[in-house]
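Below are two complexes that have chain A in common, paired first with chain B and then with chain C.
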Partner chain A sequence: MAVLRPFDKLPELNSATILLVGAEGGPQQQLAEAMLCEKKDFNINIHLASSLPLPPERDHLRPRIDLIAFVIDIKSKYSLKSVQASLAYVDVRFFLGKVCFLVTGVGRVNNCSVEMNAIWKLGEDYCSPVIFCELELEGIRVATAQRLLRMLQICAGRVPGVSALYFSLLMRNSAGD
Partner chain B sequence: MAGGAGRGGAGADGTGVQMAGGRPAGSAIEMEGAMRTLPSSGRPSGTGRLSRGPLFGRNYGLSPGSRLLPPRCQEDADPQKTAFLLRKQWTLYSVSPLYKFSSADLKDYARMLGVFIAAEKQKGLAVDVDGELGVRVAMSGLPELRGSEQDPAAVLVQLSLRSSLSPKNSEEKLIWSGWFCCVAGDDLLENLPENFTCLPLFLVNGAESYTAIVGSWFQKTFDCCFRRLAISPLNLTWMAAMWTGCKVDKNTAAMELLFSVPHLPQPLDISYAIHPEDVKALWDTVQKTPGEITQEEVDVFMECLYSHFHRHFKIHLSATKLVKVSTGIASAHCDGIIKFLQSQYLIGVLMLLTELAISQIQ
Partner chain C sequence: MNQSIFENFAPSDSIENAEKLPEMMNDSVCPVDATEELLRECENIWKEMEKCQSKLTLLTAEPVPESDAKVSLLLTRMQALRAEYYQWQKRNPELISTNPEVLLLLGEEELQKLQKELEMVLSAVQSKNEKLKEDLEREQQWHDEQVQALNTFKEMEEEMKKEVVTDSEKRVFQELKNQVSELKEYKKKLLNALGEFLEEHFPLPEKNGNAKKKRFSEEPSEQVITMHEILEILLNQLMSTPHEPYVTADDSFWPPYLELLLRSGIVLRHPEDPNMIRLEAFHE
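Presenting the complex of A and B:
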C-alpha cells in the first residue's frame, strides 16, 4: 500500500487536495502559501512531501489526492534524482492528467546543473505537462499558483465538462506542435 | 579510488571547514522564464528538443548529446609563442561579430586605440599608476591559435606602460593583455554576412578599468557587443570529464572540484580533491567510444564522484552548486575565469570555450 492511488478514497465535499513533492529547501512552502492566498470558492488542502512514499501511519487521515505536482529545481541535480525516485511510488492511473512537473529556477541561465533533455524526457515518458517557472520571483509565483489552482479545480472534477485527462491532452497537443 | 582523498570541509567531522564569507553578487536574473507563462505547458517547438536549438531565445541548458574529445597537439609548432598564455588567469567575454575588421590594419588600430586611451586619461577616467609617457598599445596576430583554416586568426592586444625611469624603450611593463580568438566556430561562420569577422571569445588579464576602455573602443569602432561569459555548473561538469580524459605525460596536480552550498545563513564551500590517476582510472571505465563523450557518460562519472563523497560524508553534492573545476590541463571558475596549464591541450580547451561563447551570442 505504499503506492499512491487516485481513486482509493471518497472525495470530500467542496474540497480538493494537491500534493507538492520536491526536495527539501525548495520553494514549495512559499508556493503553497501563494496558493492559499488566492481567491477560490472551494477548500483546498495542500500537502508537502520531500519524497514518496508517504508515511503509512497517517494514511487514514489523509484525504484523496487530486493533483500531484513534482517540483524540480534546475540548480540542483539532487532534486531531479529524488523526483525520479519518487515517481515509482505513484500509481499509473495518476498519470492520466493528475500529475504535472514544475521546473523552477529557470530565471538564472548560468546556474543550471540539470540538462534540459532529461526534463523533456521525463515529461514525455510520464505523459505529463511540464511547467517552467521561477518561483523565487513574486509575480511568477502568484501566476504559477493560479495555474495550479485551475488545474486542481479540473482534476478534482469541479469544472463541468472538462476532465483531467482531456485537459492534459489539450496542454500537450497545443505545446508539442 | 581508494586513494581519492575526500578533503571535504563539511560539518561531518568538523575539521577543515572552509567558510568563504562575502560571496560576490550573483548574475542578474534574466526574465526569459516569465515570457512563457501561457496556458501551454511551456515546451518549445519540437525542433528545440534534442538538438541545440534555442530555448526561450537562447541556448539554455541544452547541452549537446555528445562532444568530441579535444585533440592533443602533437606537433608543438612553437610552444614559446603561446607560453605566455599559460598559468595566467583569464577572464572570459563573448563578443558578437566585428564589422569591417581587417587583420591587415592592426598597426592602425593599435595607434587609434593608443590615442583613445590617452584621451580617456585626459578626461581623468583611466586609472594610471605611473603614466608620464603613457600607455603603448601593441596589436598582433596569433595565427597558430585556430582550429582550422576557416577560423579567423586570433588577435592579441597588449598594453604596456612606458616609464620615464628607464632610458631604453625596451623596458616596458606589460600591464594588460587581451586576445580574441575563434577555434572551430563553424556554427557562426556559416551564416555570417559580408564584412563581418567572427572572433567570439575574448580573454582578458589585467585591470578592469583598462578592460572597460578597450572594450568601449572596440564596441564603438566595430559595432560589437561584449558580455561576460559565465560557465554554468552543467558545462563545468563537461569540462571536468573532458579534461580528465586527456592523456598527460608528467605528473599533474590532483583534480579539484569546488562546491558552494546554497540556502545557508553563512556561505559554505566544499573542496573535493581526487588523485589524478584514480580519477583517470574511473573515467576510463566510464567512457566507451574513444574520442567522443556523451552526456550519459558525464552524468555517470559525476554520479560516481558524488556517491563516493556521500558514502564518506553523508552530504549530497548534487544538491550543491559546482563552482570551480581544476585539473592538470586547465582550471575553470563559474564566473568565467580560466587558467591554462598545458600548451598541448590549449586548442581543445579553446574549442569548448568558443562553443560556449557562440551559444551565448546566439
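Presenting the complex of A and C:
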C-alpha cells in the first residue's frame, strides 16, 4: 500500500517509531544520532527516507509509524518540491497531529532560496506545526532532537491524558494563529 | 469511523502500565499474585487492542487531496476533536490496581520523577536569579557613572555661566578704563603741545624791553603771568564754575596779550564790567 496509514499495525511494546522524510544528507543522519543519544525510557526506531512512497518490499518488517517529520532544507528548492510531492502519499489521519515540518538551514539567511511564505502556507494548509532549526549547529541539533523526542512520546500515546491531536492544537495556538 | 480510531485512546494509557510490568518483574519483593494480576490485566488490554486493530484495518487509505487540502483537513480535524471530546465525557477515572505493592512502586517512581523535575526547576530558577543579580549590578554601576557624569556636567555648566557673566563685566570695565587712560594721555599731549606753543610764541615780556614796551608796562616790577597761566586761570574758571566763568582781569595779565585774546575772540569781556573777562565756550 502506497499511502501511509497511522494505525495500520499493532504497536510494539515499549517503543515508538519516527520517520524522517527529506533530502538525503548529513543533517538528517546527525539528527537521528542526536535523538538516539538522548536519555529516554523507551526504545525508538528512526527511519530515514528521501521521499515517499516507501518501498513496498519491506512493508511487513516496518513497525507502525507514530510521527512523520518532513525535513525541508531552506537552501534548496528541490527539498521543498520533493516534500510537497511526498505529502500526497500520506493518509489524512496522519495530519491530526502526527506530522510535523522541520525547516533547517535558517542560520544562513542570505542563502535562502525557499520563501518563508511558502513554508508558512505549507504549515497552514496541512494544519501541522513548523519547527525552525539549524541542524548544522550542535546545540540547536540537540534541542531539536529533544523536542522531536517529546513529540514522539506524545504521538505514540506514551503520555497519559495527552493525545497527538490535543498536542497539535497546543502547538498551533502557541505559534500565534 | 472516527469513533473506532479513538477507542484506541483508552487502551493507550493502559499500555503504559503494561510497559511498566517488565521493570517491576525484576523487583524480587513483588509477590507472585501481584505479577499474575498485572499479567492478566495486560492480556485483557491486548485482546481489546487486537479487536480495535482489526476494525481499523478495514478502513481504506485516504490521501489528502491536492486542492482544498486545508478544508478537508479541517473537517477531519473537527470530526476527530468531536470524537475525542465525547470519549473524554464518557470516561470515568479508573483505578490502576488495588494491589499495595504495585501502588507502592508506582508511587515511588512518580515521586522520583517529581523530585527530578523540581530539581531542574530549582537550578533553572537559581541560574536565572544569578543572571538577574549580575544584570542588576551592571545596571547599577552604569547608573552611578551616569549620575556622576551628569553632576560633573552640571558643575561645568555653572562655572561657565559665572565666567561668562564676570567676563563680560570685566571686559566692559577694562574697556572703559582703557578709554579713560587714552583720553588722559591725549589730554596730556594736548596740554604739553599747547604749553610748548605758548612758550614759543607768547613768551613773558622781558624786563630789558625797549622803550616802547617800557611805556606800556607801567609797573614792570609787578609780576606778570605767562599766557599759559592766563589761559589756565580762565579755563579752570570756566570748567569748575560754568555759571560764573568771569575772572577779574587784574594787572598781572599783560595787556598786549589780553588785547590779543580779546581781538581774536578767545576771551570776552563782561557786558557790564569791563574788567571781567571770560573764556569763550567753544565746547558748547
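Here, the second predicted complex is superposed on the first by the 175 of 177 C-alpha atoms of A that agree within 3 Å, B and C clash if a C-alpha of one lies under 4 Å from a C-alpha of the other, contacts with A are read in each partner's own complex, and residues count from 1 in each chain.
In this text, a residue touches a chain if its C-beta (ideal position, glycine included) is under 8 Å from a C-beta of that chain, and two chains touch if they have at least 3 such contacts.
Because the structure is predicted, anything quoted here is derived from the model rather than measured.
J.: Should A:V130 be classified as contacting the first partner (chain B), the second (chain C), both, or neither?
T.: Once the two structures are laid over each other on A, A:V130 reaches chain B alone.
J.: Please indicate which partner A:L165 is in contact with in the superposed arrangement: first for chain B, second for chain C, both, or neither.
T.: Only chain C; A:L165 stays clear of chain B.
J.: Have a look at where A:R62 lands relative to chain B and chain C in the superposition and call it first, second, both or neither.
T.: neither
J.: Taking the superposition on A as described, I'd like to know which of chain B and chain C A:K40 touches: first, second, both or neither.
T.: neither
J.: Comparing chain B against chain C, which has contacts with more of the residues in chain A?
T.: B
J.: Going by the contact definition given at the top, which residues of chain A touch chain B in one complex and chain C in the other?
T.: Comparing the two interfaces on chain A, one with chain B and one with chain C, no residues are shared.
J.: In their complex, what parts of chain A are in touch with chain C?
T.: On the chain A side, the touching residues are 1-3, 5, 7-11, 13-14, 42, 87-93, 95-96, 124-127, 157-158, 160-161, 163, 165-166, 169.
J.: Mind pulling up the chain C residues that touch chain A in the complex?
T.: 5, 8-9, 12-13, 15-16, 18-19, 22, 49-50, 53, 56-57, 59, 61-64, 66, 69-70, 72-74, 76-77, 80-81, 84
J.: What part of chain A is in contact with chain B in the complex they form?
T.: Interface residues on the chain A side: 23, 25, 74-79, 81, 106-117, 120, 123, 129-134, 136-137, 139-140, 143-144, 147, 171-172, 174-177.
J.: Considering only the defined contacts, which chain B positions touch chain A in the complex?
T.: Residues in contact with chain A: 26-27, 29-34, 36-37, 39-43, 45-46, 49-50, 55-56, 58, 60-63, 65, 230-234, 237, 262-263, 295, 316, 318-322, 334.
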